[in-house]
Every structure is written in C-alpha cells, then in structure tokens.
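Comments concern the structure below.
Naming follows writing order (A, B, C and D), and every chain is counted from residue 1.
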C-alpha cells in the first residue's frame, strides 16, 4: 500500500524495498551504535496491523520443512504454525466488524455468486483485513490460492486461520526471497487448478506467471492490480505489447486514491508522530514536502492540531492550492534551520538530503509519508562521524559530533505503515474496489475489455462508495425524473464526467 | 460566470436567465406587496463588481440614438456616456493593482506580441476587471471589438473608458434584447475588419456569427469559451458536426474550476450572507445542497465560522467525502424544519421546492450558490397567499399567512453575484487562462487542433498558476536532474498526468 | 460598545472619541486630497445597524427649534422628525425577531413587573436594538426617559417611533455638543419625575447628575454601566469616595465579554474587511496585534478563511496561548514588510506608527479592532508628503510619493463599528444583561450592595446565557440530586467558582 | 494529575482512587471473562510516562527488605533496584531536552540559589520528568527528601538514578499501602533534617506531617500543592482553622490550567483513542460530556479531525459557548443511540450510566477524560449477563447477551493517563510553576502570606509562560514608556487584572 498512488513510479524492480532494506541493515553495522535502555517511558509504543506481529512464534523450524495439517486433514497450505488459527480467527472476526463495506458486499452478492467459476491467484499482504477480502471472494463463488506480497508483513495467526478454513495459503512472516517466489509458485501452479484471474499487489504474481507459465497466463481473463508499482509495470507491459489480458488499475480509482491518500494520511500522520515521539503539536513548525493528496492530508491534520505548516512544491498548481489553503510555500532551505518536524510526501527521491539534515536544529523529527524509502537520503547519515542511537523500535536519534541530534522515524520508510495502523475502514474501501474489479473483469461480455489497462468504471467506484455510507448513517438523495432529465443523467448514476476532479 | 462549471448544463437557450428574469418581474405583480422603509439599518448593503452600478446616469437618451465622440475624434463605439471615462479609467487602474497574474502576463509577453494580427470579437461582461483583460490582449498585439454578454452587468464608466481609449466597444447597462444583438453584430460585422478569433462567455457571439455570417465564421481560427452554457453549446455543435473551428473550453481548466468554484465560493458565501442579512454564523444550522466544489467551499467556510452544516447529495462518492470531512449527509426533509440557512449548490433544478419552504421555520434564509436561477423554485412562492416584502435590495421576506416568513436572497439567483463581489484575484486567473487559450489557438501549428472542443493544455494551466504565485510570495522548488529523471518528468512540467484530480 | 472591555482604560475624558473625531476632520483639510469617482464597483458597501442612517431627512430645522407632537398629542420628546415613526417601528419589529433573549425575558417577567416603580434615566446609543431594550424595561414596569450617548449614532426613525409610543426620548443624529448635554438634562430633570435608576453607556448621565443635581443623585438606587470608559470612571469615583450609590459593571460579565469580544469580533473582522475592500483571504499574510479576546477572535476567523496569521503580544501568557494555538508570535518589525493586512486589537495607543507604515508594502490594509481610535497613529499620516484618496466611504488610500499606498479603514476608528454591523444576537445578550442588572439593583434587599462597583452575580450571568440557548435549540442537562451533592452545587446554579475562566 | 482542576472535588479521601481500583479488581472476578489472544494487531500499543514500566525487574525481594548502597556508599534511599540507575539517568537526560522551561529556570536561577537552606519534603509521581524538577530544586539550593504519591506510577529506573545521585528517595512501583506511608514517613522524619517546605501532590505528605508530627508541621514555611484533591483538602483545613502555614494552590494558576486541561487534552484525546482502538475519526459521531477546558480541548481536536461532535452541559454559559463554537448541545439520551464515541469530561460522577450503555450501538467507544474514575458507572457493567473481554491492555469489550458490545477504555479511568503519554512540555510548565511557588513562599517577607491558601501571584504565572516562549521562537513585544503609562501598567507586568479570563 503506497501513499502516493498518483505519482509516476520509476522503479519497476519487483523487490526494490525488500532489497533496499537489506542494504540498510548491512550499512548499519558500519556506524557506531550506542546502546540504550528500553525502559518504561521509551518502551516501543506502536502497533501496526500490517507490519508487526508476535515476535516469538516459539518455533524455529522453517515452514517449508514442516508437515502441518489442519483439523479437516488438509495440508494444501504453508504457514508458520497452524495451531495459531484460533487467535487469527478472532482477529478476522474483529476486522469484519470494522469493515462494513466489504461485509455489505458479501451479503448483497452472496446469492448471485458473481465469482462462480472464478479461480483467483492472490498475492497481497496477509492480515486480518485482507483475510476478510479473501473470504468474501470465496463467498461470492470464487476458488482462490493465496501468497504474500511482502516477506515481512504476514500476520502468522491470520494465515493459520485461513489455512484452517481450507484456504490454500502460502505465507509467513520472515520469508526468504526464495521462499517468497516458492509461495507464489505454489499458488499459480497447482494440480487440477487452472487460474483465470489474478489479484496482485506489486505485480509479482503477474510477473511470475507471465515469465514462467506463459501459456497459462494467456488463459487468464483479467488482472486486478492495486499498487503504484504494479500498475506501472502493467503500463510498461502494455506499451511493450506484452500484455495479453485486460487489467484493471484500481490504484487510481477515486475512492481508493482519496481514502488511501488524503483521508488515511490525514488520520495517520498525527498518530505516527505521537506514538513514536510523544511530540506536542501545538506551536510546532513543520515543513511538508509535497502538496499532493498525501501532503494535503498531512498539512490539514497538522494545522488542525496547532502546527505552523510550510509547504514545498514543484508544481505551480499544487503550490497555488497550498497558498490559497493558508500555507506558506517555501524552498526547503528557507525553513530547514527553524522547523521542528519534516514530513516528506512527494513520491520523489532525495528530497531531504544530508545537506538539509546538517542544518536542522537539534531534536528535529524527520519522517516519510510519501513513497517507499527513497525520499530521505538515509544512507547519507550512515557515516562514521554520526552516531545512531535506537531509542524506540522505529525511532533513531542520529547524533552529530557536536551533540546535535535529529530524530529519524522508521529509518526513512513509510512512517504510517511502521508507526501507526491502517484504519480498517480505508482497507474496506480498497478491498471492495478489488472485489468489484474482479467481478467486472470476470463477468464482462467479450469485447468490453481488450488487452489493456483500465480504470474502474465510475459506476463501480460509486457503488463502492455507496457500500460505505451506512457506516456514517448517511442518506443519499435521489434524483427526481425531472431532475435526471434536466441534468441528462441516469438516476442510478454515474453522476459525473470522467474528468471530474472531486 | 457560473459557480458550477463541471455540471452538465441542459438549457442551451441563449438568454435563458434574462428571459426568466422578465417572467419573474411579470409574476411579481400578481402577489401582494407590502411597502417598507429602506431606513438606516436596512439600507442596501451590497456591492458587486458585475451587477450593480450607478443607477442614475443622468441621461435618458438611448445610447443608440446618441452621437458621441471620444477625445481623439473616434465614434466607433456605443456606450451610455463617454464623459464618464475618467471615472472608469480610475476603476481600471485599481483593478490592475489587484490582478497581478494578468498584469505579469502583459509584461512578460508584451515584447513578443503573441497576438499580433489576431482580430478578436469579444463578448463578455464589461467591468473594470474584464477591461484589464481587453487591454492586455491589445498589448499582446491583438485588435479587438467588444460587446457585453449580459444586458444588466455593464459598468458604464468602464465602457466609456475603453471607448475613450479607442477600443470599439458596444455595451451599456440596461440594453434591450434588440440592443444586445445589435451590439454583438456591430462587433462582428465591421468594415475592413475580418475577425479571426472569438472570446465568448455564453456562446452568443459564436451563435450570431455562425447563423448570420457563416462564411465569415469559417475563417475564424479559434474560439475560447468560458461559461458552462457556452461550453455546452459548443459540445452540441461539435456533436452535430457543425463546429468548423477548434474551440477551447477554459471553463474546465484546473485553475479556473478550483478558483471560481472552491476558493471563490468559500470566500463569497460568508460575504453574501453577511452583507445581505447580517446573520451571526456561530451555532447556526445550515444545510448545503450539493457537495461538489461549490458545496465543499461553502460547507468548509460555514463550518469554519461555527455553523453546524448538513449536506445533501445524490452522488455516493461526494457523499462519502462529506461524511469523512465531518458533515452529516441527510435528505433535505430530515433537517428542513430545523435549519437556519439553506444553500443550494447542485447545478440542478427544483432542489428546494414549495413543499420544503412550507416546512421551514420562521426566519430561515434561503439562497442559491449553484446554477443560474433554477435551484430554488421561486415561482412556487408567487402565490396569492404569500406576501413578499423587499427589505433590502436583494433581500425579500416571503410571509406566510400565519406570520412565518423566510428570507429569500437575490430572488433565487446566484447570491454571490448579487450580494457580494467577485475577488479580482479569481478574475485574474480566469482572464489569464482566456488570454493563454487565445494565444495557444492563434499560434498553434496547423493540425494541432481540429474542429473540436479542447481543454487547455496542462502546461498552460500550470503557467497560469505560476503567474499568480508571486502574490503569495510563494517559492517553487525545482526538480534536480536526478529527480526529474527518476520521476520521468520534464523539469519545466507538465508535472501531472491528465487524470490527476488535484 | 468597545471591543476591549477587559483592558485598563486610561482616558477618562467623557467625550474623548467625539472630540478626537472633530480634530481629525480639522486635520484632514491640511493634507492633499485627490477626488475620485464613487462609481459602480466602489460604491459605499457597508451598512451598520448602529452608526449609519438616512443621510437626508429632508428637513434642516434644528430639532430643538421645532414643535412636534405625536399622534396622542404628547410633545415630551425631541427627535429629528416624528413623522418617520412608522419606518422606525418596522425596524424595531425586525430587531425583536432577531433578539430572542431579551424578548424571552420580556415575556417571562412581564407578569411580575420587577421594575414597577423604577424610574430610569437612560443614556445609550439609540437604534432599533436598544429600542427593544427600552420597551422591554417599560413592559417590566419601569418608566423611563432616554437620551443618546453619542452624537452620531442615533437612528432618527427609531427615535421617532419611540416618541410616537409616548416614550420621552431626546436624541437625533448630528447633535452638537451643546445639544448632547441638553438632551441628557431633559431626561434627568423632568417635572414630577424623580429618577431612581441610571442605565449609562459612557458615564455621561451619571456625570451630569452627580455634578449638576447632587441631591437628586443621592436618591438613586443604582447605576448600571456597560462601557469600558464608564466603568473606569465609576472605579475612579469609588476610589475618590464620591460614589454614593451601588453600581453594576456589566461590561465585565462573562456573557458580555465573551460575546462582544471573542465571538462578535470573530464574526465581524471578516465582514469588515470584505465589505470595505473585497479582499480575498486565502493565502493572505496578516498580523494581529494583541491576543486578548478580540485578537483571539480575529486570528481564529482569519486563519479559518486561509490567512497566515502572525501575532504580536506583550503578555507572555497570551503569547504562549498564541503559540500553542498555532500562530507565530513576532515583533511587528519582523513581519511588517511582508504582511498584506494589519489588525490592531491591543487596547493600547500607537501600536502601529508611521515608522511601521513607511515599511509596509503597497496595498497593505490597516485597520483597528481594538480600542477607540488610538491604536493606529493616523495623525502621523496627515503630512504634506502623503496623499489621501477616499475610495469608498470608510476606505482611504494613503499614497506615498513613490506611488506605494496603504489602505486605511475607517480612519483608524473601530472598523467593525464602521464597516460592518453588530449582530442583533450580541446586542440581545448585552441588553438582557443590562435589564437583569437593573432588576437586581432595584430589588436588592437593603445592605446587599454598598456604594461600590459590582460585577453581575454569576447566577444572573448564567440566566442571561440560558435565555439565549433556545435560539440554538440547545438542551441543558440537569444535575441529579446525587450529582449536585457530589459536586457541592445547587442544582439551579451557580455552577462555577468566581475565578473560573471559561 | 487530574484533568479537571477547576471542579469542586468532593472526595477528600487520600487514597480514593487506589481503594476504588482494588474494589474494581474484586468485582471483576464476579463477571465472566473470555480469554483472547494478544496477537499481532492487538498487541498492547500504549505507552505512558506515568503508569507503565518495565514489568519485570528481575527481582522479587521487597525493597524494604533489601540492603542497597549507591556507588558513593550511601544507603539513604529505598528503591526497587539501584543497579538500574544508568537507564534511569538516560531517561532523565532525554526529559531534560524536552523540558526547556524548567531547564531555563535552572540555568537562570542557579547562581542566586533562591532555595538555599530550603529543606523540602516532596511527594509526587516519580518519573523522568519529575526527576528534572527534583534536581532543579537541588540546583537552586534546596535539600530534599522524596516519596511517591501513587503506588503504581513510579519509574523504578528513574528512582534508582536519583538514589545514585545521592538524593534520598523512597519509592517503587507496586508499593503496598503500608509501604506508601512508610516511604513518606522516611522523608518527613529524618535524622538531623528538619523540613521547612512541602511539595505535595494529593496532600498525603501534608496530612501525615500534620497528624503525626504536628510540632514539626508548625515549623514549615510553606506548602505547595498541585492536585485538585490536595487543594480541596487544604481549603477544608483552612476552613476548619487547622492550616497553620501558608499554602500555594498551583493547580489553579493560569498556565497550569490552560496547559494541563485545554491544550494537553486537545493533544491527548486523539492519541488515546488512536493508540487504543485505531479508530478512524473522519465522520464519527462523538458526544463529549462537559464543555469546560477539558471538554473544549477534546471537542476542538475531534472536530478538527472530522468528527461530528455533540456536547452535553449543565452550565448555560458553557452551553452557549459550545453553541457559538458550532456544537449541538444535547441531552445524552438524545444522541446516545447514534454516537460512535462517548467522552466524559465533567468532573462529576455517574455521567454515563448503565441505562445509557444499554442503548449504545454496537462498537461504541466509551472513555473518560474527566475526573478520577467516577464519570462512567463501570460497576454497573460488572453483572453476570455481560461478558468482559480484554482485547488490549487498556481495552475491554463489554458484550451484551444479544452480541452487541461496547469498547471501554482504561476501565473508565483517565484515558489520557492510561492510553497516551503526557507531553513533557506540559509537565515542564507545571514543574516550573511548582518551583516558583516554592521560591516565592520560601523567600516571602514575613507577613506577605498568612496561614491560608493562595493562588500563584500573576507575575509568576507570567514568568512561567515567558520561560517557555523560546521553545516556539516566540518574540515578545515590549511596552514603550508612553504605552505603559497610557495603560497604567508596569512594563515588566503583571499585564492583566486578576479576574482576566484569558
């Protein structure tokens, strides 16, 4: 899940973030570390639905070497520990309560079984929330096989719960890269099971099938992809003429972008900063780099809590919006010596570099809400003159020789993924969007979609939104016949032209 | 200038609003009126750049029957009174100070004369702000002839100032419909002057030329149209295969929509309500019908001043945005008995009807920020049982037999045009957009534009924005070469894909 | 009505503002004026309930020289023109609808006649809103005689309406200073009428009675005073041992301060700036001098509309509040070159001086929301090198030789009194407070109040608030017996200790 | 530390909360508990400066039975484990960086030694932040002996660090009630050390000294008390004529109230809710019971994040403020079926009772930001028909037979103490206030203070504020001589009358 879904993404490498993480770890060892107590007040204070978990599963045998069976006798899965399934099931039940939209879809469409005969290879994060999606797809008639799209993010208990429910799932926290591809392969290449749909997050399942099982790939009816990276790869495939099936870019659907970017970031920036640093917001000077949807959400939330916010921008239109919204638009160097907090939200690389960090005042907090781990040049901090001190699990003090220090969150990775949790409600919207995209592609009459990349039809975007209105007890008005005629609209929608900006 | 530029507009009639106004006047006489003092506190308290003016020009001779000459001896114009030109010139000078963007364009492009040889027929509102545009076009090399697009909105002094500056202008406040067409005709059909560009606001100049001078029309290189109605007519012409020249829809450019809708309305809703009713906002319950850009701006401003705001919506996506932004989404009937203020911003017709108004509580204020004069069914109030009492020039109390009254602003027409002023800054953006569209169409290499309706190229939209940043002392960041490459962007823009929603 | 009621007021002169106004007029003539059209868009765009009025009453005979009778044959009054009474009555009726609190008090207490036998000399502004107060006092049993507290502010039509209703009223717009004192004298010194209460706004009635009719003064049971200046004079009298009757300082009651300062100013600052200058708020840089209640209200409103607001303060506590609320606290010189708008709200003198104004950028708007006309050193601008140009009735451009100009509002007087209107709701609260203070003093058992200055008892403050809750459809919770006991409170209040800060 | 410092506090019992906690534990066992995994996403996610700590100190020997010596050979202390001192010292160092105000005081006053010869008995929470206060007092010349005011809140590492620094400290997490009094006794009754000042939080040291060592008590020069409860007890002593020394109520100083209530709560309500429940705020309906400083802070923060907020109030003035600020004022029963979150902030008891909770919708979050643990009638939920399920360490699901559940935070205790952290900045203000109060009382000339309870002199309140301005880079303006004279103020303050409400 990337905050910046509307940004051109240049790095098509499938495992960019994973590899870079490893590099970081390697580099770390070259700098001096000062040990420090994790006592009372500095105890790690974050939780994350996606990226943390029980650190100790009490079991060191690699999952691929274990033989496990669920209570029904099946062993068509590979998880850390099938015995954790009850705990995972409870997590899924709680998530169900918090994901009203996808649950409403499950209920409304269960009778129709719109995914009957769909055979879906899924490759996403595995957690309680995606589990709700997976089980919804099954309720709608699909058969699925599922792997993780990230080697760190699997909630082992949830994977166990899915396995116990007879869902062929291949995922655990802490996979090796070899494990990673093995798991996907086990989903794609199953006996007596020819997949006809792909639900991908990052493009790895698509990539593997296309490369390794090209014949099988041609039988696929459609691909649904939700990540910036995966969408970028699809457009490249399409440009290169190698995309032989229709694909749906759900990353740029209205509801997903607005929720995953503007609203989610508005909620999570405060949470991320508070949980990791206990900073008081009132009167703090903050610079937010970038005023796209993510930057807008961050700036609005921080201003609302009493911060004085500056914006940097490259795009004059966004800069004008920032100005009109009451933010000073500056170059980073104009304010870098004065600010208390730096937040990156550009989607670009090297937005905050060593030169900036050398100028920051002591105690300045630096974090990334934008793209991957590229925005802050963290590597430039791994030099012998600087001392790194880990004060909490996602919080490092980087100390200059003269005693000044800056507070780096999540080592420059996405701070809201590392230091806060993703609201189930936002995930519910994304999940409903994915399910509807699968239904649309699977059921589309021949010819509606060619071998290209499509945006979700606006009507479906509107349907996803309508699924989530009851949560707010929101009541839609209906057009009268006269009004619909006057507007030239169908009473059931879609209600806006495609270029409408919301 | 319509608030709702992104709404499909059904009514292509060229003079819809004008005609409807007349009908209203006729109907008025059938209801009972109670006379009332216009004493101290109820003195008309609004000003409007576009729609008000010195009511008494001390001269009752119809302009078309007068012979007037400016100080250079020219009589190629028709205005109310050429002697008012000094006053008008001063107005234009003040407007120039308040329109930094268009003035910057004038300065930057004056040497290049990008409109050299352009012969522009203009048909827009005539006021100090449009005068700045007109004189900018001339500075950029164009020759122009200009008429008013509305029979009420001309500032006579400004027209006189333009005439004095040897600009052929044909416009005065209070034209008859016959005058209206005569003025446009005088612009189109001039001796030794073959127009090659049209700048239109509402489509009337385009319409007249197409119908009356079809041969001349074919020699036009391009049309720039800024109104919802005019754009709608262009798309219809295009669909019908009758559009033989390229046209630029500047109504839907990013800067124009965001400024004319969201930001301008955010500023003007408070102003309109205060000037006309002196209402205190704190704690007032308000329902805003529609949560498009206009509704968003209104809701945000009203909430910011302490109102409790409810939203009605037909579109689930906008409804979800309203919910997430902290507004209850309701059907009008749920709250109509409790609200203190009703604001329409839907672009639709009959959104507030007699049935609603019968339920409102006494003192409820009703106004329209949306489209034309259709949203509130004002005619339904012109029945014998109700008494209309005009308490200020744009404020009527409609009194029910039992004594309850509602406060109707601007008789249901656009309240921000009638009861407040349009910030020069917003007009500056629109004007710069129009000028750039003219430059683009006039200078485009053959083949770039076909006989179709186009949106302004994003790069020009970005340029308009950049012209206005110095006002805010906003400093843009430039991409490094490395960053531009990483993002796959040209360092000079455009910076976003076309579907970007801002 | 002063915005800054909680500020020590140094200037005890009874007619300070009036005299200073005259001085300004005199000084004006020494600077050069450039004439300018008051054409369409620059037509005076303000209305004010209190301070404007029909400029032309069609009658040049001084009121004191005219013989007028109302329709019942009484001539115990002196107004501009008794024939305007119908218009004035309509104004009063409208004000009644907008002043629910005082009307509720009128209704609830009418049977009890708590002011039976009270003989009140009143000296306040005379407008529709104070007329509602006057007629309420009469409904509660009082007999009254009334004069104006300001020579400019009387609404002649309203005065006529009161006279027509047999209320002895002595007031017209444009009194001379001699007229002013004559009018008050006519109220105090009437045949067969010994006043026993004073309702004063500025202390002039108190002053006159004390000086001229000391014996009569000793028979007064109580004084109610609402202005900063009047309260200051009372405290001085008390200190000097000359106050021989109890007086109630309603200026510092909770509801009055919070409403007249924080909330009213929050509402009126935007309105004042818009009506006089049509400025767009988004992105404007503003410095607000002073962060008391007035400054807080202004800063909050301006920030809410997208301004970037800086604060200057002398008091570290208020400065810390400003910081925590998200405002930069600066010295004026740090930002004076960059700001677009300067608002004074300190209660002090010479806060903005010529040296500052010399540094302002062209087009900077300067206005005073604070105290009287002292905060901006306007006299320093009346030098031969500067040109004054009146562009609207309350708007002057002061032009420097090099062409730079600043926009001065209301010549440095209170801009919200000059350029906007006072919401009836705020006046309703003040009026209800005054009425209750009169009732309390008039009915207090002997000994409860000595010859000193008192604040309104908290319970009455709470009662005033409760009178205004129905406007908001607000529903109070009642303490259970158990809760009241636990809190040590009476269920009917008062609910807070006296030092509570709200 | 209580949020509601301005509320009359009825319960003078010294250990009210402690006792009530025990009762709760007892009651708990009577209801049915369902066990549940604490898996990945539900892992306890809170940290708290005051109430959490290293759960495992690796040592079960009761501190009073151990013999410990610090590195200098002293054993005049009693802590859990002296060996943890290095960790504690690091915590203190970090706290010093985050408490600029108290550190500035330390620096400015260190040369003067204003507390030379002061012998202070301290009884407060023991954590890194109070350690900074304790060491500041010593730097200012005092000798101290210190005990904990709460049996749960001591950070053992910090206590060890203080002991290592030769400070006689008697405190550990998990004291018995007997331990509690023993520790205080060890501070009061030391050899060769006659205390002359008391710094108390809750009144226990004062109580013990008064009861057990009345002769010693009479030699005390002053008491500084910061808690609601302690202040209440002092006023009772004073009323009963038993207070024989001057006492300073710092709980009601301006800076402390505004910061500990309005600003701290504005910051911590969002944090508390997010950390414990990961709730998404946008569009949530919330009722805040009480609109005092705490309620105002909560309501403002929640509205700022997109919640729809309702207020309940008993006081019409606060209710009117809520209305004007844009909140609906309702009775709890009007909205209880619809709200998503209930926050209590009244200072009262049984504000939310079983009857309300029976009506709440499933998933409703209930928490207390007000006073102690009285506001929510938690005991009414401990009935056999309801099932309690602990889902995180401070989060219980209370499940009704039909499946509905509510989410109760911190078992109804102060949620911001339990589920978030107290910003060091707020603590810095309180600490500086306490230190200044000690200095004032200790150095006051005889006669300035009698045996009564005093508020901090305003000038000192202003000084505390000024100590904290540099954090915000805030620059105070100084009065000119002319201005100071005009205002009748001393240029160094105090700047406001005592009744000023800020």
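Note that a residue touches a chain if its C-beta (ideal position, glycine included) is under 8 Å from a C-beta of that chain, and two chains touch if they have at least 3 such contacts.
None of the values given here were measured: they were computed from a predicted structure.
When chain centres are defined as mean Cα coordinates, B lies farthest from subunit D. Looking at A-C alongside A-D, one finds more C-beta pairs in contact between the chains of A-D.
Computed centre separation for the pair subunit C/subunit D is 42 angstrom, with centres defined by C-alpha atoms. Averaged C-alpha coordinates give centres for subunit A and subunit C that are 57 Å from one another.
Inter-chain spacing, taken between the CA centroids of subunit A and subunit D, is 39 Å.
Among the residues of subunit D, those touching two or more other chains are numbered 263, 282-283, 306, 323-324, 328, 471-474. Touching subunit D in their complex are the following residues of subunit A: 36-37, 39-49, 52-54, 84, 86-88, 90-91, 94, 97-98, 127-128, 155-158, 263, 266-267, 270-271, 274-275, 278-283, 285, 301, 304-306, 338, 362-363, 391, 420-421, 423-426, 471-473. Against subunit C, the residues of subunit A that register as touching in their complex are 282-283, 303, 305-308, 323-328.
On the subunit B side of its complex with subunit A, the touching residues are 6-8, 10-11, 252, 254-255, 257-259, 263, 293, 312-324, 328-332, 334, 347-351, 374, 455, 461-463, 465-466, 468-469, 471-480, 482-483, 485-489, 493, 495-502.
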